[in-house]
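I have placed the structure first, in the form of structure tokens, so that the comments after it can refer back to it.
We just call them A, B, C, D and E in the order they show up, numbering each chain from 1.
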């Protein structure tokens, strides 16, 4: 193991980590928001829209991220869509993540007992209030874990951004690997950084979970 | 630049052959993921502190370490402890064991939202834990978590592409190789995307059918 | 040692990434290319069967060290740094850097024309280092972009983000032949002459294997097979040294 | 078909003091006829008790009154306004938009047989929620008013408990408080005292009598004949989805009822309650 | 501390015909004392009714009897065997393994106040499940036996409905059928007739009387005094977690009770039920 490598490549790796975190956070948060809107439109919107959403979900969810990104970044210019690597990275992240999030939210909607929604309607809560005050807090119980799962999966999908030369973590570690002809060290670095993100996401997930399952804890 | 359907047409047979590996790894991996994931979830929710801890460590390891690294470990590091798995088995095992960690979490979330009274009713009747899980908790957890489970299975189909690092010529790998020779990535990748889409769409449709069937009342 | 093990089994396992035309390609579902033809001949010389493995680059070196296969028969540019960690065979291809441009781009007609333009190359490759050094010598240096894979550099050139791509001469030539309407070679190659070799694990264990392969390569130099194979794929045959080239 | 019925129904005379009028209403679940041809008026400020055997359709009838269950045929009108369906002649009928439905439901309170409290909110917030988001009170005003409502049902000390940490009777009282705090024009109670002890039943009865005195109309499903006898202005008896009779309690309990079905129904009760 | 109590409790004499004996049992939720110092015997084949105001701890007491709620202090014994805790002197006490608990619970049936049916199984399967997975019957034997149990509560025609498609009273009857099909030695009923109409209450009463005649011991929480008066061998009155009295029903209902708390409790009931 050559530890001086870490010193030599340290700054580049840290910058890469920063870019990875940026794409991850912005991309996955955007994905959550878009996914939530999709799930809501699918449930409360007009019929034809929900078919459209269904098609979007199936196509985007069903095809690999790498290929979507490739087509967006390298195919985009043919139709006049020229994006910088980071722009393309974040945009494709939002697009890629949203159908998964939409499906998770859909499962959450289904998990809330019908009687509680009826009770809310009976006291005259608007559908929007019902969503915020009755459905959302309760659906977080079954979906916090899948949401955390998917945040974690997205940490690793950031690696794919390297194919469009986003200077993220994998891109930088590959520089290190290719220039120094090493393999164990880059993997170690990569694993360590991903692990940090995963630990962060898991920690946050468990906090949210503790908060949303408060009412289930029996004294 | 012209879009060449010819290129797709010529190479499609090879891609379909490669897709068979993708399907094999996915289906076998799914079986491991669902079965082992259920046990993990049970362990994660068990009252025994040691079992619970062990499951937590397992989950944080398999979710924390990139699958690529896990695969390399299975293939290249296990021989050092005398377990030399053939590439395909290593790939299936790595993909399945990793996905099980996610499956376990999905099920755990769903089980938490099943009212505690139902477990109490089973306990009061003296129903054994195994039956409680098999007959009461898992069917309902699957109903609640199905969309997320289908998400996970679709992801599993896609990560099966990592099996290329242990030398398996699955769909993504073969597509990349064909690209390297034809210099027509857009065409080949679109074709690959279409094949992935078909596999995943079948999964998703099956998921929705099961969901319909489990939706009662 | 490694060689006697191979002889005993009657089989040598060679790993490559079938993704580097024209050396290693997957054509019509089959592994082909210069390295395939050459190594098949080498195996004949050794008197053993050969089994080829296709692996992505990131798992080739771990696999070599874990003993999952015997040799890497991918074209690897011979550099000083790499020689520290692995044993190279004699050169089997020319790795000198050359440029490709978009077909019909009249603004580039010789390597020096890339001054001030965006040029892509493969991350960590010896050719990238050559390109950077060359760019320094120009009046206004080129904007050098690094890609994980050379495919992506070519795709980006097709999409118009960069104006030229630098990689080994054979590869650039092959790309131009495959997509004549899209890519065009820029002559001549530039920078230091570089060569591709094959890679075996470092150390005593593999010394005899490397020696045996080198012997086979020399024999193919003499009986013209080397030239014939190169001509088949490249149209011309490069000058290849018959001794290990000196590297800085 | 359903439309046919609906038009017929509305041509009948509606007494002018009826706040709810149900005309030839029917409801089926798949091929099971849960309610058939129900015609019934509830007068302003009246307390109407619904009794009948288990599964006879009492809950379903209540749920049709505020369109939680979309009735198939006939009409339900609140103050002359058709509930749930668009009041135009079209076949099949089309339901009102969510917003319109919400406006209608604001006037109709309901206490569910299974309470349906929101498990993630404390007892207090269960009651305060609608006050804040429907009546537009500030959160603290809402809480104050909720506290009053809880006090009425003797639950001040459990205001901060989550439903899971309340006893059955306490949950039921939260459900009652939640509905009455909204002061609707009509209240639908589905077995509001099933989980309450006799003492509390008395208290709830008092609360209901007060509400009736203040002019609220109530429809109460109950299995407690004593409750029905003491609270109701009229008692309706349902059997297998049909309205058998609807008369003042004295008539039903005072003398031997004419209808044999009602007679057997009340018999066991009378025997057991001579203590 | 809890151990101290436990040891004291067991030194008292236990009448030899007591199947359940509760000694100085207490249970707290955080800082709320739900049960304190309950000492109570239930004799073999006896029907004991538990009455008391809402929130007095009736359900909690039942739940402690089969250790769904781990009681803090004191002891609960079934046929001399300590329920839930390991019967060794250790401090703090340790609960039995799941398997042991399960064996104990097989002898104790329970009908919950909120039914707790399994929503993904039909009424029939709700009843058959434990027959199959506990009693080891084959699925078809289990179903047959379940059908019998459902017939007893007049639900044969709804056997294939899911709980969500059953009326409240029908759900309650499924819950009763589920428990009695297991033929336990002791049955705990938590307001088993709260959602039933008077007629059905009569039927359930008949079923319970039959079970009692066959030697089953029953503890029944109820708010229906008529029910208690007619079914119980003894009636226990709980108030604020304390056992106020435990006497034969004639004593409690027949004459004016001594205890003022009991007196006021019964008063409203008497008034209302003079129909």
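Everything that follows uses one rule, which is that a contact is a pair of C-beta atoms (placed from the backbone, for glycine too) under 8 Å apart; a residue touches a chain by one contact, two chains touch by 3 or more.
Quick caveat: nothing in here was measured; it's all calculated off a predicted structure.
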Contact-graph separation of chain B and chain E, given in steps at minimum: 1
Separation of chain E from chain C in steps, with touching chains one step apart: 2
Remotest chain, chain A as reference, centres from CA atoms: E
Pair joined by more contacting C-beta pairs (A-C or B-C): B-C
Distance between chain centroids, defined by C-alpha means - chain A, chain D (Å): 46
Rounded Å distance between chain D and chain E, as computed from the means of their C-alpha atoms: 30
Length of the line joining the C-alpha centres of chain B and chain C, rounded to whole Å: 37
Interface hub residues of chain D, defined as touching at least two other chains: 114, 164-165
Where chain B touches two or more other chains at once, by residue number: 1, 68, 72, 116, 185-186
Sequence positions of chain C contacting 2 or more other chains: 58, 62, 152, 155, 158
Residue ranges of chain A in contact with chain C within the complex: 70, 73-78, 82, 162-165, 171, 174-175, 177-184
Chain E-touching residues of chain B, taken from the complex the two chains share: 47, 115, 117-118, 120-129, 131, 135-136, 139-140, 143, 214, 216-217
In the complex with chain E, residue positions of chain D that touch it: 29, 51-55, 58-60, 113-114, 158, 165-170, 173, 190-191, 194-202, 205, 223, 225-227, 229-230, 253, 264-273, 275
Residue ranges of chain C in contact with chain B within the complex: 15, 18-21, 25-29, 53-56, 58-59, 62-63, 66-68, 151-152, 154-155, 158, 175, 178-179, 181-183
Chain D - residues contacting chain A, complex: 66, 68, 98-99, 101-103, 105-106, 108-110, 112, 114, 116-121, 129-130, 133-134, 162-165, 178-179, 182
